[in-house]
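Two complexes come next, and they have one chain in common, chain A, joined by chain B in the first and chain C in the second.
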Partner chain A sequence: MATATSSYIPLAERSIWSDVQPIPQDDAPDALVPIMYSQEYKDAMDYFRAVSARKEYSDRALELTESILRMNASHYTVWGYRMTTLLVLKKELNEELELMNSFARENLKSYQVWHHRLLLLTHISPEHPTEEIDYIHESLLPDAKNYHTWAYLHWLYSHFSSLGRISEKEWSEELRWCEEMIRVDGRNNSAWGWRWFLRISRPGAEGIKDDGKEEIEYTLRAIHRIPHNVSAWNYLRGSLKYLKKPLTPLLPAILPYTEREDVTITAKEETNLPMPSNPLPRDTPLPISYALEFLAESYQEQGLSIEAAAVYTELSEKYDRMRSAYWAYRAKRCVV
Partner chain B sequence: MSEQSEVDEMEQEHVPAKQKTFKKNAHIAYFTRCLKALPSQAEGQDGNRITIAFFCLSALDLLGQLHTFSEEQRKGWIEWIWRLQSSSGGFRGSTCMDIPDENQPGHLPSTYTALMCLGILRAPLDRLDVVALGKFLRSCQAADGSFSPTPIHDDSPLTSRFENDLRMTYCASVIQYLINVNIDISSAQRLIHRCRTWEGGYASKPGVIESQEGGTTYCAIASLSLFSSNSESIDIEGVYEEMKMVEQEATLRWALQRQIGGFQGRPGKLEDVCYSFWIGATIHILGHPQLIDSLSDLSFLLSAQSPLGGFGKDPEAYPDPYHSYLALAAISLSHPDLGLLSLDPRLNVSNDTADYLMKEMKRIRTKI
Partner chain C sequence: MSEFYPSIYTLPQVHLSSNGQPSDTFIEQSETERIISQLLLTRPPPALQAITPLEITNSGENGEGEKKDDTLQVELTKLRTQEHATFLGKWFFSLPAGVISLDASRPWLMFWVVHSLDLLGVILPQPFRDRSVATLLKFLHPQGGFGGGPVNTHLPQLLPTYASICSLAIVGGPGEDGGWSAVAEARQKIYEFFMRCKQPDGSFVVCEGGEVDVRGTYCLLVVACLLDLLTPELLHNVDRFISSCQTYEGGFSCSAYPFSSTSPSSDSMDKSNPIIRAPMAEAHGGYTSCSLNSSFLLRSIVPPTGAPSLDENFPSPIDVESAIRWSVLMQGEAIEAGGFKGRSNKLVDGCYSWWVGGGFSVLEELARREAGVERSLPILFNNVALQEYILVAAQNESGAGGGLRDKPGKRPDAYHTCNNLSGLSIAQHHMIHSSTRLTELRETFDSSKGLPAIRPVSSDGGWKSEEERQSVRREVWASILAWDEEGEENVVGGKQNRVNATAPVINILLSRVKPFINYFYQQE
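And now, the complex of A and B:
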């Protein structure tokens, strides 16, 4: 059989494996989606089946699993076997963690790589997970929206705080890190989600203690920095709904984005809210559909359904054509 | 051919992208090729071959091609799928870990796709071990209502809840819908509610609000719908019914806000073919398919076609079975005029296959 790497020595020719009878894959002749395995992969799997049939937990088994996982990082059975072997042989798990750093960089999107890492951390169970947190923060630099990395960061904080190993100081440092992520890229929705966890949904979160005042001001300032940022608008709506607070008192800070002359009267009340820059940055196309939706919902809140429907109709006909049918639906719903 | 000219007319008006025609024959060729052999680059999927098989078979089902394979060929495939059934219930994802005289446990997502494949191939289900399947499903459910991909052994050093997310709940809800197993449905429903995010979407797990995306929102909405269509799943605490309206409106808003031509999976991300299905189907299940701008969506989908068949995640990407199938599923839902079989948005197979599975399950259950 022709192979890409001519230097490859089949396992059968290596003395270390001479006592093992490989078990070839038993795939039916009519198998669905057969894979044209490379020689290396097929060879390694034949020996892996043999090793696992013997329940052999050895150094050579560890090496074998590593070479398979380098070819197929999502092989959950092989990962499980590797973990068992590490524990049976009482290996230094910190060394395995080191090895995983390189794996994670190459396989950011594999569940299994993160799962293995999580098991390692659970077993190592450091008194302070600081190093691991730093590592994850670093991994998010090149790929700031990676689903798995964020899910792992969430696990890390949940797990170690349930063990009482995250201090108040560490929580506030994490919040500062998160705010820096949002400052660098205000449109990173994952970072906004992390803020929600840190400020609102985690046990002991501070954000609800002042009735959401700081959250609302923080979010308004983010909107004023990037007025077309959907993440910030959604966060604002989300926190108001969560805290069961009305939208209308915030109108003064929102109205400049609606470009509507006729509602300025409502906006004249005294306010301590962070306000948009006046004039707005030149590159802000107006009106902003999120602001119009906010206005319409505020009308609904005040029982002004005809006014609300008129705003939805404008969204449908002029300002958000892709969702034309949706805004027409919203308009219809508020007058029935 | 009249069908084709209708399509062309519509496209000339509304579809300015590079690929304008729906290349049905090329797609048939693409999935037929994948079914017969995958290149060595697919080694990463070695443990999940049944799921790749599902993408190919379900695609050929939607394309109306299954009758083109001989009876003998289909029987051979069905045999292979039965080999994946575990003696402890459920199905494995592949034969790659089969060792003589040793039982490998079932795997939840593979069990869902194996059942769908059997339905697509119209296999008689007499060989399905329903009792063991029920036991398997129950052994995957954790106390908090979530599901693990493989049976839970609390004392195992390999146990964690990291993979207990809404994808698993979705697979469990389909199996539960088909065979009506005695699992804890209300705790599963409560878990889904705990995954709701401030935006109206759903996270993969409670609290993991940062990683919500189209796929998990689909899993949440489809599972809730499947659980509630089961007469035994009356929501005792009334949580679901009470919040249903408000929550559904918020989810609908979130889902429609994701359309930027095609659909993005999360705010601030680029469009990706698979979300035309995940989010499109969510909107269908919520009952408002007419609110999608389906021509913009189709335009994006067609632009991601490869000239040799299949779809990449976007126009720059190479095709893969996952995106290729979900593109067809999305097109089937919103463009019945393009000649695909109609799709059941909750089970993610053709309505014909869904009907077959329901009838066949009823038949074997009355037999027991």
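And now, the complex of A and C:
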């Protein structure tokens, strides 16, 4: 940045801007929270104010907005002006998309960069968003939990499936990609959230069609692979609740994590449930609080309030004391 | 009670188990546990290692506790108020070019600084208050709403509108240069700006041409409630949008997508709901805060007598118990010093002290209402551990320039300072929504007083009767003022660590909410 400043030619000295009178920022005298702008930023903004005040949509305005956004990718007003200019000038939006690839890499946490991209895709409206999907998959490799990127991927599939442009084959390829993400890092909760969209919450999702059997088995296998993984436990609870299915039939697959060999299972046992590995994965201390919670809820489901309360109390007093007050609350709730 | 809120120093330091699968998430988690637990070992120096939890002072009964007070221990867990005030002063008066990415967020810079000072009890001299007001009024757009900076540069946007209004509540006043009268004059324009942001599915874009997410909804609702701007057309579908952002985990995502009901696979959908909405990402602390607070405000609108202008089922429900469970599980273990995470399997970060910790007052109140009981619920998170995280892990090292941060090893900034201190306030003060006060307030409301009624944008967008409008005004006003502190303060590390009580939902001091909302509802 220091080198850029030393070779910097002020806009006032460039002939292309000679017809424009720059406008300074209208801050209060002695304004507080002032930012000590670099000369380059202040200069560019002075001309941006002039250009936008007279609604000039031009190539030089585009260049100006680009140089400002390279310095400050969070300037939503400048982004908006740039988008209007692109549309007024009927620019080739695919070129803008390529430019955005370089922006996104440097500004992964900027809301505006992702929103600009979303608007571009809406306007370009490709027959198949294949390239865009590949690009998003690729950009998740170095930053596998970037919230903006995942939200954008959700939007991409929602928008283009609403237009009828996502084929069954593409849905199943996306699911395979998602499963690969979970295979590489089973604790990636963003990938679990994506699975939920693909399998359960989107219109036409397949995961709810076989009474959730496939989802439940997939999730149980994930729990058995990484038994302390909160993402998989939450997904299991979420699916059962969504499908309004009881917890109790799954107990045989959960009980080994509760370290309670004494529990007798009264409910009908589900056959062919994926079972925990024997021996358990190394470094798997027991009991696991998520499993105890599962057991307690199963007791509640069976009307065994006292047993349920006892498990919650153990969580409160012994196994998960950080959340002592919460488990005590749960214990109290099941006996009143 | 203290057995329900154990100190991190009394809990075993248990690391996340690898299960023989050391994936990237596990590696990052282990590194964070290592950094924080080192700090826990080195903080109380060797001679003090074996001691006991950080001292807890209940302002009522502290006879024995104060006696074994160890000066060194107190020094180590002290809230370094003076250092933080100095740190905030730097952000207030001059910011380096390096923070250029916040150039469109100057109302936020202002809010983080003045609210943090308020929490710390640092009094801002009048000339600085006047300068703050003058600064903010330059951000008020003639077409309504506040921009991220002066209006000859920035378009109005919902987020800076919240930050500006809250800042004005803190630094401004009813006098000529206090800024409140300028805002009062701008009410209709602000409302029209809000309506320009409104989308048919109940969401709001943050500015014209901008993105949709629940931050916008939250910021808009706070301002609309404080300034007396609510109408049926503004509220239409907002509740449905918020509810549909709740994920299977119990927390809320940034947004939800409205699928048209005419999609080919609409056979599985609920016929009573014209559109299928799907959350647009996983549950997240920031969006959960915005959603829960929005949800609470929406629940504060309907008077006991009902509001016929609103949809029959307004406000649509959220799953309170699963939101509680998710929020509780966001609290890190003792080895992470009991701070909050923002998502499952992510790392603790001081900013969630407010985003997640600050949600509990609302959650406890919503759960109380669902249970249909009079008495307030107990505090459901570990408020002692959260204070310890903030004091021990989130404070910049003593003598290093002040400020609070994400976690050890990260640089402090105004945003993390404000969110940590706001979380500290919620952990020290047990805030409840008092039904007694609510009843009293409803009775004292004078419906003959008020600023001009908002003119709806569409001809049928207003309240069906003046009586209904008044009953909604009364309910909103009373509900916002019904927050109260219950019981003793619970201040970890000694009384000198006390910060002022912040109001749930809005996050400015309770003492700032009252004069401000009274000005806009013309109440006394």
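Quick note on the criterion: the second predicted complex is superposed on the first by the 324 of 336 C-alpha atoms of A that agree within 3 Å, B and C clash if a C-alpha of one lies under 4 Å from a C-alpha of the other, contacts with A are read in each partner's own complex, and residues count from 1 in each chain.
As a working rule, a contact is a pair of C-beta atoms (placed from the backbone, for glycine too) under 8 Å apart; a residue touches a chain by one contact, two chains touch by 3 or more.
Computed from a predicted model, the values in this text were never measured in an experiment.
Enquirer: Between chain B and chain C, positioned on chain A by superposition, is the outcome a clash or a fit?
Expert: After superposition on chain A, which the two structures share, chain B runs into chain C.
Enquirer: First (chain B), second (chain C), both or neither: which does A:L32 touch?
Expert: A:L32 contacts both chain B and chain C.
Enquirer: Go through the superposed model and pick first if A:H123 touches only chain B, second if only chain C, both, or neither.
Expert: A:H123 sits against chain B, while chain C stays out of touch.
Enquirer: So in the superposed three-chain picture, is A:L175 touching just chain B, just chain C, both, or none of them (first/second/both/neither)?
Expert: neither
Enquirer: Just chain B (first), just chain C (second), both, or neither: which does A:L243 touch?
Expert: It touches nothing on chain B or chain C.
Enquirer: Scan A:T77 for contacts with chain B and chain C and give back first, second, both or neither.
Expert: A:T77 sits against chain B and chain C alike.
Enquirer: Taking the superposition as given, does A:G193 touch the first partner, chain B, the second, chain C, both, or neither?
Expert: Both partners, chain B and chain C.
Enquirer: According to the stated criteria, A:L87 is in contact with first (chain B), second (chain C), both, or neither; which is it?
Expert: First partner only.
Enquirer: So, A:D283: does it touch chain B (first), chain C (second), both, or neither?
Expert: Second partner only.
Enquirer: Looking at chain A, does chain C or chain B touch more of its residues?
Expert: Comparing touch counts on chain A for chain B and chain C gives C.
Enquirer: Can you give me the overlap between the chain B contact set and the chain C contact set on chain A?
Expert: The answer is residues 23, 25-38, 41, 45, 49, 53, 71-77, 80, 83-84, 111, 114-115, 118-119, 145, 147, 150-151, 154-155, 158, 187-190, 192-193, 196-197, 200-202, 230-231, 234-235, 237-239, 241-242, 322-326, 329 of chain A.
Enquirer: If you look only at chain A, which of its residues touch chain B in the complex?
Expert: For chain A paired with chain B, touching residues are 23, 25-38, 41, 45, 49, 52-53, 71-77, 80, 83-84, 87, 111, 114-115, 118-119, 122-123, 145, 147-148, 150-151, 153-155, 158, 187-194, 196-197, 200-202, 230-231, 234-235, 237-239, 241-242, 322-326, 329.
Enquirer: In the complex, go through chain C and note every residue touching chain A.
Expert: 3-6, 11, 16-21, 23-26, 91-97, 99-106, 109-110, 113, 128, 131-132, 134-135, 137-138, 147-155, 157, 206-211, 247-249, 253-255, 257, 259-260, 263-266, 268-269, 276, 278-284, 322, 324-326, 328-329, 331-334, 338, 343-346, 371, 377-382, 385
Enquirer: Which residues, counting only chain B, touch chain A once they are in their complex?
Expert: By the definition above, chain B touches chain A via 34-40, 42-50, 52-53, 56-57, 73, 75-77, 79-81, 83, 95-100, 102, 104, 117, 149, 157-158, 160, 162-163, 197-199, 203-205, 207-213, 252-254, 256-257, 259-261, 266-269, 288, 290-293, 296.
Enquirer: Chain C touches which residues of chain A in the complex?
Expert: 23, 25-38, 41, 45, 48-49, 53, 71-77, 80, 83-84, 110-112, 114-115, 118-119, 144-145, 147, 150-151, 154-155, 158-159, 161-162, 164, 184-190, 192-193, 196-197, 200-204, 208, 225-231, 234-235, 237-239, 241-242, 281-285, 316, 321-326, 328-329, 333
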